[in-house]
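Shared between the two complexes below is subunit A, which has subunit B as its partner in the first and subunit C in the second.
Entry: the complex of A and B
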């Protein structure tokens, strides 16, 4: 009995100790992010000139200019994610299979170091290649690929390239993490059993790295959806993006109610589109599986586990 | 055999392309920060005058020291607080305790920035150092909590129980058992959060208020207005800073296996 009481006291003291340790971070998180997010959502239900709860702010998000901006952001986000995937998947394979084990971490650090300098400075450094007196421009001009009047800035392709430059670590790390955990013996087995390199990739490596691809894809689309600095500085600011709408509403017009509706509407759109693409991909694989063999793990398309 | 050769060559080609892609802009920037003239691509002789101008410019030094201050404070708060919350989860763990920090990583950064902007304006608190540290610490939670969580779950929990059973207090266990074991990941996480804070644009853009310039906001407003070669000196200095940090991290031997789970 006494022992049981001592046990209970000790246990509850443990819990209290844990409670005290956890509180600062929890309070910080709740007071500065979670509650204010609720406040922001609450504000989005009102307009400046009326006192009733209304969806007017959300309705105005579907107007032509707003819809166009959100569409631009969606296109930008998915093109960036696709380009990042096409760039990072081979890169992760190269790092894992062609570089000595001891050097891999150093190589990754070396590749990601520029991305730890400063976001705006990374964009700025591209000016040294892209401006009309920059290196890349001169080289392309020397090769006769560009004529005198043209410019590399204010160009959609270049915008995507710089977006990839800014965001590829978010794709590279999760994919590399998955690939580095593949047991090399499985690949040996696959080769010994007569699979070609392509078959090994399609049937072994890709199914085993699907989780990393999924989380990389999720993070890259989410972060690049909010982007407005790259299109403005590199793309010449020709088109408006979702980020521009947010900036305009919050910083220029100081209309926090409309701005918060824009924020929540945009996040809703990107999340819904991610779900939609997931469903479409799953359906496509299902249909394809009637014509070609698709590995079970790919067919299930389970990113979570 | 030929196929193997082909894959090997294309692998090295891709790797070389990557190195050029990642380093060409940065190297060009560093090289031309020593340029005599104002050109972004025409070499006019070596000179350090832009560095002198950068160090002589009060605005730039202000912006740089502001960024460094915010980075240090945010690193301090987010490392300590997330370490505490992860350790606490051993003894007190409602289901939501660690999950609420996943939000910070998953929502677009612009959302976090706007939420903080809104609450500071709503409560009529002057924005500046405080709002920036608050925001960067929140960003830090998103990185630090998952990383510490992995590191802490790999730690042998029998050691903690043994330490407590042998009469150490909780604080002694924290100080003499947990901290030494987690030291490599603490160093790595601190480095990562400091870099994230120096790297950040959105929170700086929305939450720095009027009186507290940082590197991001300063460079952003300047390059949209005019060409100022002393910016190249500022940018290159920041690059050297992160180079130095990466070298320190490599030397501190805490990097083994940080990018893979095994």
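Entry: the complex of A and C
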């Protein structure tokens, strides 16, 4: 075994240096991601009061309360991703096509700037902005748009708005990256061949940004699936989320075994749902291709390639 | 096929005036070439015809119809862009079908037209390939097919061959020319390459640096009877000699120039000249004959000696110092002259073109 590793390292030294350069990152990933994950997985197979391997922790994840929390997280994740997409796609288009080249980086930087602040601080700023003696609330009240009894906090819409505020860079950057790589000449060619702006959008811009949308969607759903601070502080904490389950098990109940099971169960659910959506989208495109012409490349839709 | 008329077109980009009150008539069914140096505004003319840019003032007519205000996607005018114009996410087939798909044609019609077009431009077997995997010539054919399949009234070419190597360029040009003869679609082709222009054009418009059209005529006319110094220079190598008109009759002008006394044929169609006018005489180097002995039958005879020689394949480039002192460039397929040889320089009256100074 040791000999084999030595052989591999020697070989890689001879063949390409890249493997060696990647080693720090690989070692980091193994030590701080893979090994802890394995430890957690191992613990998830035992209950707190017995030493026999069991799936009892996973079975209890399917209970009504847990299932509801995971469902809430799923809804939150997909609503956030959808809202981010609806916000970022037009934004990326505007930045790329309507803002002068010299100003684009500045605009992007300006949009990213809030992310340099601590996450919790940003959410608290929103909290202070929105609460009943907050600035926004008072301005709206002053304008007569809000009744005395109403509140800006503790509702789903505001939760999603703040979620988008927190996570849109993950969607914007990959989409913008794709769009900025589109040669403006092919958009002219599209118009020249008789396509209206809408047709150009559907047939050229969207297919060429699908990879960015895909990776943005993936990242936003994954990070927002684990989110619980925003719904807690902004959404009024009326519902429990996957993140709450994890925190409760680890920090309140000190049941690391059950907590681990919750983690893996949640990951399984979100990955399965993403795969399901991907398959459904592909099927939809296939069915659609019988009625409208859809580029070959989209039929072989593959976000990774 | 339809004619295109540009009437008093002006266009500025910011402070920079690109076109100033330009008018041009492009005949239906011909191969029209706009020739000019880079940055002369020829691309702007093309984009105005395509509808990709709007003129600040003036009108664009397609046939008799005023299309100045029509957006690009409504015009029955298509453009063959430089190579980068293909859709990278679509196959060759889909690229060619694009215009028909957005036009909403039934599927069978699209397949039939695209397949026929693929045969015409010689792309069989490449239908499922993506642009990134094609060669320069193939990309050019796809771009051509994509526009041709739309059966436009007018087809525009935006320096399409500039990225191809010389041999391939020549082959593609001949393909283009054959297509044009077969289809009779009006082709408007812009280029800065005079060889391309002379090869394919029925009519050439030569533009100068200021975006002004200096001459519109058949290639032979433009080459042999340039109307200005700029045209004479731009369309090929030329000797330009300053001089004064000494005497003038119906057919011949006597000139006193930097290389001695010359006679020039007076072209009935050209400018009205007067005795005493300062002019430039232009003589194409390949219209000049060199010899050791004096030859008869030429209107102009000079003495000189060979100053330098450059070999360039089909002919030799001789620099001949005339007895007066000014040197002439001469293309001669007789390779036997050597540096220092005393020679006679001959050319006909009608090869001396008078140009306004």
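By our rule, the second predicted complex is superposed on the first by the 267 of 305 C-alpha atoms of A that agree within 3 Å, B and C clash if a C-alpha of one lies under 4 Å from a C-alpha of the other, contacts with A are read in each partner's own complex, and residues count from 1 in each chain.
In this text, a contact is a pair of C-beta atoms (placed from the backbone, for glycine too) under 8 Å apart; a residue touches a chain by one contact, two chains touch by 3 or more.
Worth saying up front: this structure is predicted, and the values here are computed from it rather than measured.
In the superposition on chain A, A:28 makes contact with subunit B only, not with subunit C. Within the superposed three-chain model, A:189 lies in touch with subunit C and out of touch with subunit B [touch as defined at top]. Within the superposed three-chain model, A:154 lies out of touch with both subunit B and subunit C [touch as defined at top].
Touching more residues of subunit A than its counterpart among subunit B and subunit C is B. In the superposition on chain A, no contact is made by A:140 with either subunit B or subunit C. Contacts of A:82 after superposition on the shared chain: neither subunit B nor subunit C is touched. In the superposition on chain A, contact of A:204 is made with subunit C only, not with subunit B.
Shared contact residues on subunit A (touching subunit B in one structure, subunit C in the other): 196. The part of subunit A that touches subunit B in the complex is made up of residues 14-22, 24-26, 28-30, 32-34, 36-37, 39-40, 43, 87, 90-91, 93-95, 97-99, 104-106, 108-111, 113-122, 124-129, 131, 133-138, 165, 173, 176-177, 180-181, 196-197, 218-219, 222-223, 225-226, 229, 232-233, 243, 246-247, 250-251, 256, 259-260, 263, 267, 270. By the touch criterion stated above, subunit B contacts subunit A in their complex at residues 3, 7-8, 11-12, 14-15, 18-19, 21-26, 28-29, 32, 39-42, 67, 77, 81-82, 84-85, 87-93, 97, 100-101, 103-112, 114-119, 121-122, 134-135, 137-138, 141, 145, 170, 195-196, 198-202, 205-206, 215-216, 219-220, 223-224, 231, 235, 238-239, 241-243, 245-246, 249-250, 255-262. Interface of subunit C with subunit A (complex): residues 50-52, 71-74, 77-79, 81-82, 84-91, 94, 97-99, 101-103, 107, 110, 128, 130, 146-147, 150.
Against subunit C, the residues of subunit A that register as touching in their complex are 183, 185-186, 188-196, 199, 203-204, 207-208, 293, 295-297.
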